[in-house]
Amino acid sequence: MKNNYQQIISSIYSEIVSGENLGEIPNYISELANISDHKFGVAFLDLNNNSFGKGDFQEKFSIQSISKVFSLILVYKNLGEKLWKRVDVEPSGNAFNSLVQLEADNGIPRNPFINAGALVICDIMLEIFENPKNEMLNFIREISQHENINFNTKVASSEEKNGFRNAAMCNYMKSFGNIKNKPEDVLDLYYHICSIEMTCENLSKSCLFLANGGKNPKNNETILSSSKTKRINAIMLTCGFYDESGEFSFRVGLPGKSGVGGGIVALFPYHYCITVWSPKLNLKGNSFRGMKFLEEFTTQTGESIF
Amino acid sequence: MKNNYQQIISSIYSEIVSGENLGEIPNYISELANISDHKFGVAFLDLNNNSFGKGDFQEKFSIQSISKVFSLILVYKNLGEKLWKRVDVEPSGNAFNSLVQLEADNGIPRNPFINAGALVICDIMLEIFENPKNEMLNFIREISQHENINFNTKVASSEEKNGFRNAAMCNYMKSFGNIKNKPEDVLDLYYHICSIEMTCENLSKSCLFLANGGKNPKNNETILSSSKTKRINAIMLTCGFYDESGEFSFRVGLPGKSGVGGGIVALFPYHYCITVWSPKLNLKGNSFRGMKFLEEFTTQTGESIF
Amino acid sequence: MKNNYQQIISSIYSEIVSGENLGEIPNYISELANISDHKFGVAFLDLNNNSFGKGDFQEKFSIQSISKVFSLILVYKNLGEKLWKRVDVEPSGNAFNSLVQLEADNGIPRNPFINAGALVICDIMLEIFENPKNEMLNFIREISQHENINFNTKVASSEEKNGFRNAAMCNYMKSFGNIKNKPEDVLDLYYHICSIEMTCENLSKSCLFLANGGKNPKNNETILSSSKTKRINAIMLTCGFYDESGEFSFRVGLPGKSGVGGGIVALFPYHYCITVWSPKLNLKGNSFRGMKFLEEFTTQTGESIF
Amino acid sequence: MKNNYQQIISSIYSEIVSGENLGEIPNYISELANISDHKFGVAFLDLNNNSFGKGDFQEKFSIQSISKVFSLILVYKNLGEKLWKRVDVEPSGNAFNSLVQLEADNGIPRNPFINAGALVICDIMLEIFENPKNEMLNFIREISQHENINFNTKVASSEEKNGFRNAAMCNYMKSFGNIKNKPEDVLDLYYHICSIEMTCENLSKSCLFLANGGKNPKNNETILSSSKTKRINAIMLTCGFYDESGEFSFRVGLPGKSGVGGGIVALFPYHYCITVWSPKLNLKGNSFRGMKFLEEFTTQTGESIF
């Protein structure tokens, strides 16, 4: 390794764990509200098979919106470029759950990582797969090389119960003709996918192929073409952090994706993948310590895509 | 060179020059409206001093919004991170001249590459420099290693005469207190900077330091710190192409900046800088052939930041 | 009568029936799409018991949004002024089905005559009445002095089947806490109320108390207090015609309410009530011939509230 | 008089003058910021020549936006209905100085009483009058039967100095082609008209013709046709109180117009005109005591247009 990643990770971890832990755990998902706010894990994995973990990196957490990367890839693999007729690839200037933009754009979401876009992806899954829930789990189990990855149906129900804004968006897009299935079926699939639980270690392993031109690092088999992989990484960079995507690109400089469960996965193409988890979120909905860790990490390693 | 860049450029150039030339030359700047739509130039330059040009790459054109990169760098060098109190770094979900966003964000532009943001940058230049026009020219002459770079005052006047939307934005931001100088002075400086004329060759040379960690490739002297350079590149990627930034990132995968004069400069960090010029613009205001050329270029070289 | 209303009505009716019949019958409610576009009825009734009808004034049609006046009155009678914590009384600058405004105002609809506002009224009906559908029918039967007024359940189902935008709004307001019941129950009540069928004659009779300070013209019993009656009339004037309310006030100068079934009811306080029905709608969703008739009517009588 | 207006006015005046005086005097017009917040005047005048004043009803104050009624009438008299191609008559759902709406409607203001609309009216005055300032003063002097009515040039300058938002709007509309003259000339006329000073007594006298079908109550000469008068009154009702027009219509039930100087003029067609002045403004920019007084007045007299 050019960089002594392990030492840098340990040092930043120590510094952050003893520093302030600002932000809030979101309380709108009752099943997640009681998680300990001291949880903090980091898992690093590179293409030379160097791996390193710190803290709670082997504890499962709710990956929430990070799952949007996996459902997008699954649909993109199957549908190809015509996918982009149903969802755009532009960053969204509004908060992640805004309906204003949908009104202006006739029901076409700005990108697949805002909730509206992810709902369209779920709608497409219902069109192209006989059993989309199984397809999703099978795909994640394959890329994570881990059989024991599942939905947390309690979390899914908990979110669905208060998911009126997502129900609004789904119905709204259906009024524009950009949802083909029943809104309740789309929402059910959406909440299940959001409820997937994984560890930091699982996540880094699952995303490493995105840092490898789309090829499985174990056996060099193609999971996603190199052109599509580049495009997924590009969307992660411009749209992966709600209305803080520009800030993440500016401070960290890596493609990545965050979830309201407090996880962030980021990758340096042709080098490594890294996952951080800490449940307290900043005002934009991204992990406070996760953002801080990754900014320090690319600063101290001196490596980023820019 | 890993890639035979010269051959790839020649081949794509030939293909595009014989293909369709869609889009329109914008007619709101009378001085630019009569330019020949057949103009087409490409200039490549890498850190190993390989350079290669095609077509009209040594003909000056109005760089327009590409100049926003240079004024931003000049202010960022001098003011440092407190600059970001006056302008944000998030992509804008609206058209590049929208006032809606300013209303929602109390006069803080989303990023320094939309017109509103560039006006704030000009306002700061008036605060920190005694003679901001000279500072600007001197800086560009230095980084381009070319003495003969100037404003085109006819173009500046031509734009100013019809620049009511920019005048609206400038006054609007002043009503929020985010413009400190007289709107007419800010606008005068803005239009002069937009009117700078350079060749593709000049532009590639001027921006090469951004692909070199901020250091002058000739003498290794620091023009901009490596951290600031990374951040400028990040903003170019997320915000450099108006409301088509996500699309450019997705298709091309390089930091870059376009102008309504038909120019696009893009760079591959630690490798090369490339400039394309063709005056006809697509619906989003970016050079039709320029976008096409660069998409082909990163596809055929197989290189991008992702 | 100061004015020879009967003669004026006949004359305008003849003129309009032989003139152009522009606009469209909305096709999103399949049950209404096939109605003959030649239907045209007018029913006048004043406080001196003068009544006069022309054309299809005794044929039932779907009153659609005109029913929002009745549900509002029913809730206002029962809940009083605290109703206005849940819905505002300001005209809406957007199209009648816009969600943008709800986002800006945290789920409080601008007024009770846009769909969002009427949904909140239905939600309150579910809270305060054991059987809101019966309450509604009983109230209209009472004020129209007509037992045979009913929902058209086919129309209600037809609308509900394609009512994704209303479902979106209802869920969206629920996400802000401004809907207390299940969205599906609120929507079911809403579509039933919209589906009520009445004749022009029924409608003029039903609304005459609004021109009589809230008192039943037959027996002088108070249906609604004079202060509340004034306020209902005021809301009809400022908000009764979607995004054409200013235009109606400007051209006609009477409080009124339109529906997409092609009906318009209008009243001159302390004088008369008049209903016009013609199914083709202008671009703003109001009856083309209805608007024209009423403009001519107040012009020729020289009477309006202004 | 059916009502004992004098006694009702005296009684309400006493009650309000001894009650709370909430709100703020706006501080953005320095010349107006130091006015005593205890000023409180009422002037009533009816078509039977009954007149009655209370408190500071003979003290001049800055009528500000109330002047928009006079400039609108002057232009409407001269230009007729084609005026409405340049400005609409719909209430505005946004705050009175919003630019969002102008973006959506391509530079056509929603109505002539928001600032944008009044700027268009000034632009038209510059087109049709050789000396629009004189025309304005002459017209007001004529209808008020008072020679000593003037601009307050200090107030005009004071507003112009901080009028960046109006300058923004004016330039913005010019970018859409809906301002024909130089923005600085339009703004200069606008601020002069806003700075007109009148007493409550003057204002009631000036507007009484609007309660008389457009005829001068003194000599029965036509100032404005009855049709145009009705339309002016209609616009006052739907648009006269910024984003509180619906509320004023709902509570008071009279056409009227307010200004940030704390004045409100209201009229009951074919009966009377009444003006109230008290400088402290509520959150929507209307006189706190003025609104309260007029609500009490129409409640106690039991008279309104509804």
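A few notes on this one:
Letters A, B, C and D name the chains as they come in the text, with residue numbers starting at 1 for each one.
Methods note: contacts are C-beta pairs under 8 Å (C-beta built on N, C-alpha and C of every residue); 3 or more make two chains touch, one makes a residue touch a chain.
Which protein is which chain? UniProt says A, B, C, D = Glutaminase.
Model, not experiment: these values are computed from the prediction.
Comparing mean CA positions across the assembly, the chain most remote from subunit A (Glutaminase) is D. Distance between chain centres (mean CA atoms), subunit B (Glutaminase) to subunit D (Glutaminase): 48 Å. Averaged Cα coordinates give subunit A (Glutaminase) a centre that lies 32 Å from the centre of subunit B (Glutaminase).
Rounded to a whole number, the gap between the C-alpha centres of subunit B (Glutaminase) and subunit C (Glutaminase) is 55 angstrom. Remark: the chains found to touch one another pair up as A-B, A-C, B-D, C-D. Those residues of subunit C (Glutaminase) whose C-beta lies close enough to touch subunit D (Glutaminase) in the complex are 88-94, 101, 110-111, 226-227, 229-231, 233-235, 237-239, 243-247, 249-251, 253, 255, 269, 299, 302, 304-306. By the touch rule above, subunit C (Glutaminase) contacts subunit A (Glutaminase) in their complex via residues 98-100, 103, 164-165, 167-172, 174-175, 183.
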